[in-house]
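Next up, some structures in structure tokens.
Two complexes are shown next, each including subunit A; its partner changes from subunit B in the first to subunit C in the second.
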Partner chain A sequence: MSIEDTSTPTSSSSRLQRYADWAVYAVFIVIILGAPMVIDDVFWLNRISKYLVFGMLGIAIALSWGYAGILNLGQGLFFGLGAYMTAMSLKLMSATSLQQGSDKPVPDFMLWNAEPGAVTDLCCINKGSFLWIPFQSQWFGMAMSIVIPLIVAFVLSSSIFRLRVSGVYVAIITLALVLLVRLLLIDAQPITNGFNGLTDLGWLTIGGFEFDPYMVETYYVVAISLTVVLLLGRWLVSTRAGLILQSTRDDPTRARYLGYDVAAYQIFFFTISAGIAGFAGLLYVVAAEFASPSFMDIGFSISMVVWAAVGGRNSLIGACIGAILINTVEATVSETEIFKEAWKLIIGGVFVLVVLYMPNGLAGIARDLLARFERRRKGAPAETAPKAAE
Partner chain B sequence: MSDIIFIGLSLSSILLLIALGLSITYGAMGVINMAHGELVMIGAYTAVLAGLHLGLNLFFALPLAFVTSGLVGLVIERLVIRRLYGRIIDTLLATWGVAILLQQLIRLEFGLSFFGIHIDGLGPGLQNMTVPAFLTQPIDVAGMTIQPYRTFIIVVTLLLAGLTWWLMYRTPMGVQVRAIMRNPQIAAACGIDVRRVSALTFAYGSGLAGIAGVLLAGFKTVMPEMGASVVVDGFLVVVVGGVGSLLGTILAAGILGQINGIVALLSNDIIARAVVFAVVIALILWRPRGLFSFKSR
Partner chain C sequence: MNEALTIDGLTVDFGGFKAVDGFTTVVQKGELRVILGPNGAGKTTLMDLVSGKTASTQGTVHLFGENITNRPEHIIARHGIGRKFQIPSVFRDLTVRQNLEVAASGEPGVFRNLRLHMAAEDRARVEDVIALTRLEPVLGTIAGELSHGQMQWLELGMLITQQAKVILLDEPTAGMTHAETFRTAEIINEMKGSHTILVVEHDMAFVRKIAERITVMHMGKLLAEGPMEKIETDPKVREAYLGSGGIH
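Take a look at the complex of A and B:
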């Protein structure tokens, strides 16, 4: 029984398909890098930069779900961890942390809740505050945004895949874990500010340059990061390891009999996917200036999967475009109250229809259209065409 | 001590109430129905509407909610799930869409709010169901205070679990359902109308969700989002108990409810829920097929 229907984009693609594939990448990259030349409203640029971050989450989902066949319903965990790590650093850089009658930065919410007479220093203002000390370095926070998700994902996936847990159970474990961490985060109110999350953050500062979220430069940081991640991801799945990974997705037992360490490939790609999600969290905090436990809501993690499903679960760029498209349309229609409510009806219906009638999403439709065009041009059905020696 | 056990027991019974329907739709049919919570929500709204417009109390609302949620479940099965049997992850995604649709339909009063029409008891706001007075007065029995509503929930849950067991193991219909669970192709070859039986099973599971909704409405605020938070708990219970095992579901609900109750007493509610999630993760890693299970489709 196959859990989902999968088509392998890399195996039997013709030359035309490969060209078309690269053309889509090129056009996409040109559009996201060129957008500031057309859009001069910084408010919209900031919004779009957030959606580009969601596009990066789409890539992370496609990598683990489409290419590895591992449905991670807890991707929000890695996104959230990444966001919090950077947000802690930016919180300490915020003016609000320095104006509290102390010469050392201390988050305002810690001072509000501090015992009378407590030392206003990160070392001992409350029990857990010492954890914040290294985050006084912005680079430490940013590094942790990627390192912590990588470590958590490595430990988690090692236990999951070494024990050969698969399919739906992976989804349920990741789901339970993101809920677990969300609760712990809320419960650790003295050091995480609980439900309220971290707000009033400072700006990312590199070499004296402050990246105000409402500036073209910040947009470029996000857009260039997305481009790099997209191309790296694309390269990664076309490597030998990427091809073996796809074989473990299609038939883990056969891959195991061929002598491949299936778990090792699954762990590797699951971890990379988590790292990308953590990086996305970092960028989101830079663009949106807050981190909140809502990043770890189940709804958000499932939404990511849905974006990828609409765009095309088997295509990195498809999932990325799906995420950006859905969010941009949503933001546009949400301007008016009636459409905002109706939009939810539409999006609910769209999810159902996509799953029922286009399991490979927009990317699948594009691929089918191209294949049909190719067949017509050749004047013969593709099935009977002799296979080119590769 | 008996107090703690009673708290755990009442938490368990609520878990079981939600999980009972899921153990049928997920356990027996291999459908991850993310809209299960919304079927619970529809049950709760049925009770609210029946109280407001028809003057019916809780006891009449129970069968009414069973029928309403069951019918909605039947429609979902017809339109969506029927096309997705065997594609378990896709059932999760599609029913997530269904869940959003149902939530929004209640919030928008079936779209009537676009035309400025308002139905009492619907819409985005909070609703309440009134519980008959004799179920809210605590009773003293032999020095112990008994909350009648909690007791009522436990009794109804046990009755429903018993009924479900009887249906599954003592009726010809149940034999057919269990045959389909084991192997749908062979079941079909033996002359079982798989489509019809599957549809009815799904409707029954949905109906149970409706009853759960009515009982939840007695002590929780009724709102369009109320279902989203319960569905995950229900799934964890079913998975821990073992897919397709009714007894497993009952025991898992008992264990997780007691853990939740005891830890909540020692620390707080948030930590209690976190501990439950940690236990669930450990159990799934240890026994992915659940505590009690047999091989199924």
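Take a look at the complex of A and C:
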């Protein structure tokens, strides 16, 4: 990174800071799990569940950008892939797919464009429709939401990092790739419904229970998923591998000379980050009931980076909260038309300011305040205070 | 096996210019070898070739009998070569302790490192090195905020923690104050015997403090090799240094 960083998540190793860190996690989890007890408006709950999904995207960005130093400007690719995989299954479960005059489900848009005389069956209604066959199983679609992003990210990052591509080139490659896939997706109209995306979806159904997006149970699915991802992510960056990853970010050459295969660490964490984005795509479809090529718009991928930057890219929970906050504020101001346009300018300006003046975002500010408090309490400069050998 | 590092006819050709040209030497286990040579003699390039940063065009490098010629850097490192760069190279955003902990991992693989705690022996090694390098007062400090000398000691400490069998040091006292240079000589002398060390150095006072055997390089070739007294009186060496301002 060209921007001076003076602190990283794990550098704050004082006991107070560690407790404060865990306290933030605990409070956050209590709030998101407790929200339905305070908010009874199901429309707001549904909205919030979408923002929680964006919070999960914030975590994915922080993992690759903050911890691995890999700026992925195409995270929307993995989010979009994850969304489409689940949306395909839910589309086949939709009432509209079962009313096309066949005893097996067929998406309505396939019939609208079918050649005259084509058999109304996924096998052969058009050339690519057979790809939909396994998605008749909801579990297959959901599994693919994570597996496909993992595979794509693994193949992509293996070629990028083995060739030691880094910095801005990774950003350009990922950006170009999301654009390309978006075009292909729109182009494959017969099987993707092109621009219109997949709409009129059925509900996620587990053991006969239907997760209507406007039910508190669906909110809990998202909130619990976010909690699990947050804690798993936190564990991951606290492991030895997480520390080694940060070392490869700081100085890849030094890490190599210590015997680490730097590319392997980059590939692993890039791929995990993509898997999280894919999972977020799955949840988004469950809560929002559609998948659209707009998930792969460049603007959306860049927004994710802005959320993480504002919240603090060096902090998983910071980036997560940043995403939720920005989206909540945006939803509130977007009610009026004038603000809706102005919002883009505001958020652009905020991003520039954050990058220039607070590279560690809100999480960085919180950490600095705590460090200042600690120093005052001790009456000595905390950073150079000797630490007893353990 | 007493031959730690065997360099045989090592050559690199940068489009017609041979920065290292048919260089041959054998470093014994536990030896401390100083490499002298005027600016541009090819000392740093030699270290690049041995450590895998630059691919050689001819010749071989063996480490305890194993051929490590032109392998990737991390593989060479795992075979036991540790390297300190001319410009201090530490993980600037991590604390001093974290820097040492990264160096201590006996396991290089990603999946093997998906655990929260270090092995007890790795942790013990970190503590030993902290004592040797006297870094305890700054363990919690971000490495980027260390003084120049402390940063160099940290890097040295990382090589020891890494358990490198052969350590390459490129100008470890460059830019150091007198006191810092003295402390560095102490650290290197303490490492002597238990580590095999190859050190490039310009500071003759420092060289006298640590040197056993000296190799002089000139224009990519080996010019002379032997103990300090012999090197200082060698007419070939005097001549080479005359061309570049004399032995400092």
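To be clear about the criterion, the second predicted complex is superposed on the first by the 379 of 390 C-alpha atoms of A that agree within 3 Å, B and C clash if a C-alpha of one lies under 4 Å from a C-alpha of the other, contacts with A are read in each partner's own complex, and residues count from 1 in each chain.
Rule of thumb we're sticking to: a contact is a pair of C-beta atoms (placed from the backbone, for glycine too) under 8 Å apart; a residue touches a chain by one contact, two chains touch by 3 or more.
Keep in mind it's a predicted model, so treat the numbers as computed, not measured.
Q: Give one of first, second, both or neither to describe whether A:Gln138 is in contact with subunit B, with subunit C, with both, or with none.
A: neither
Q: Quick check on the superposed pair: does A:Thr271 touch subunit B, subunit C, both, or neither? Answer first, second, both or neither.
A: The answer is neither, since A:Thr271 touches no partner chain.
Q: Using the touch definition from the top, say if A:Asp251 reaches subunit B (first), subunit C (second), both or neither.
A: second
Q: Between subunit B (first) and subunit C (second), which does A:Ile298 come into contact with in this model arrangement: first, second, both, or neither?
A: first
Q: Going by the contact rule set out at the top, does A:Asp261 touch subunit B (first), subunit C (second), both, or neither?
A: Only subunit C; A:Asp261 stays clear of subunit B.
Q: Figure out whether A:Leu180 sits in contact with subunit B (first) or subunit C (second), or with both, or with neither.
A: Only subunit B is touched by A:Leu180; subunit C is not.
Q: Could you tell me which stretches of subunit A are touched by subunit B in one complex and by subunit C in the other?
A: Subunit A residues touching both partners: 5.
Q: Contact residues on subunit A for subunit B in the complex?
A: Residue positions touching the partner: 1, 3-5, 71, 159-160, 163, 165, 167-169, 171-173, 175-177, 179-180, 183-184, 186-187, 298-299, 302, 305-306, 309, 338, 341-342, 344-345, 347-352, 355-356, 359.
Q: If we count contacts the way the header does, which residues on subunit A are in touch with subunit C in the complex?
A: Of all residues in subunit A, those touching subunit C are 5-8, 10-11, 13-14, 235-236, 238-241, 243-244, 246-247, 249-251, 253-262, 264-265, 268, 383-387, 389.
Q: Which residues of subunit B touch subunit A once you look at their complex with the stated criterion?
A: The touching residues are 32, 34, 80, 83-84, 86-90, 92-94, 96-101, 103-105, 107-108, 111, 113-114, 228, 232, 235-236, 239, 268, 270-271, 273-274, 277-278, 280-281, 284-285, 288, 297.
Q: Help me check something: in the complex, which residues belonging to subunit C touch subunit A?
A: So the residues of subunit C touching subunit A come out as 51, 53, 72-74, 77-78, 82-83, 85, 89-95, 97-99, 101-103, 105, 108-111, 113-118, 127, 130, 136-142, 144-145, 158, 162.
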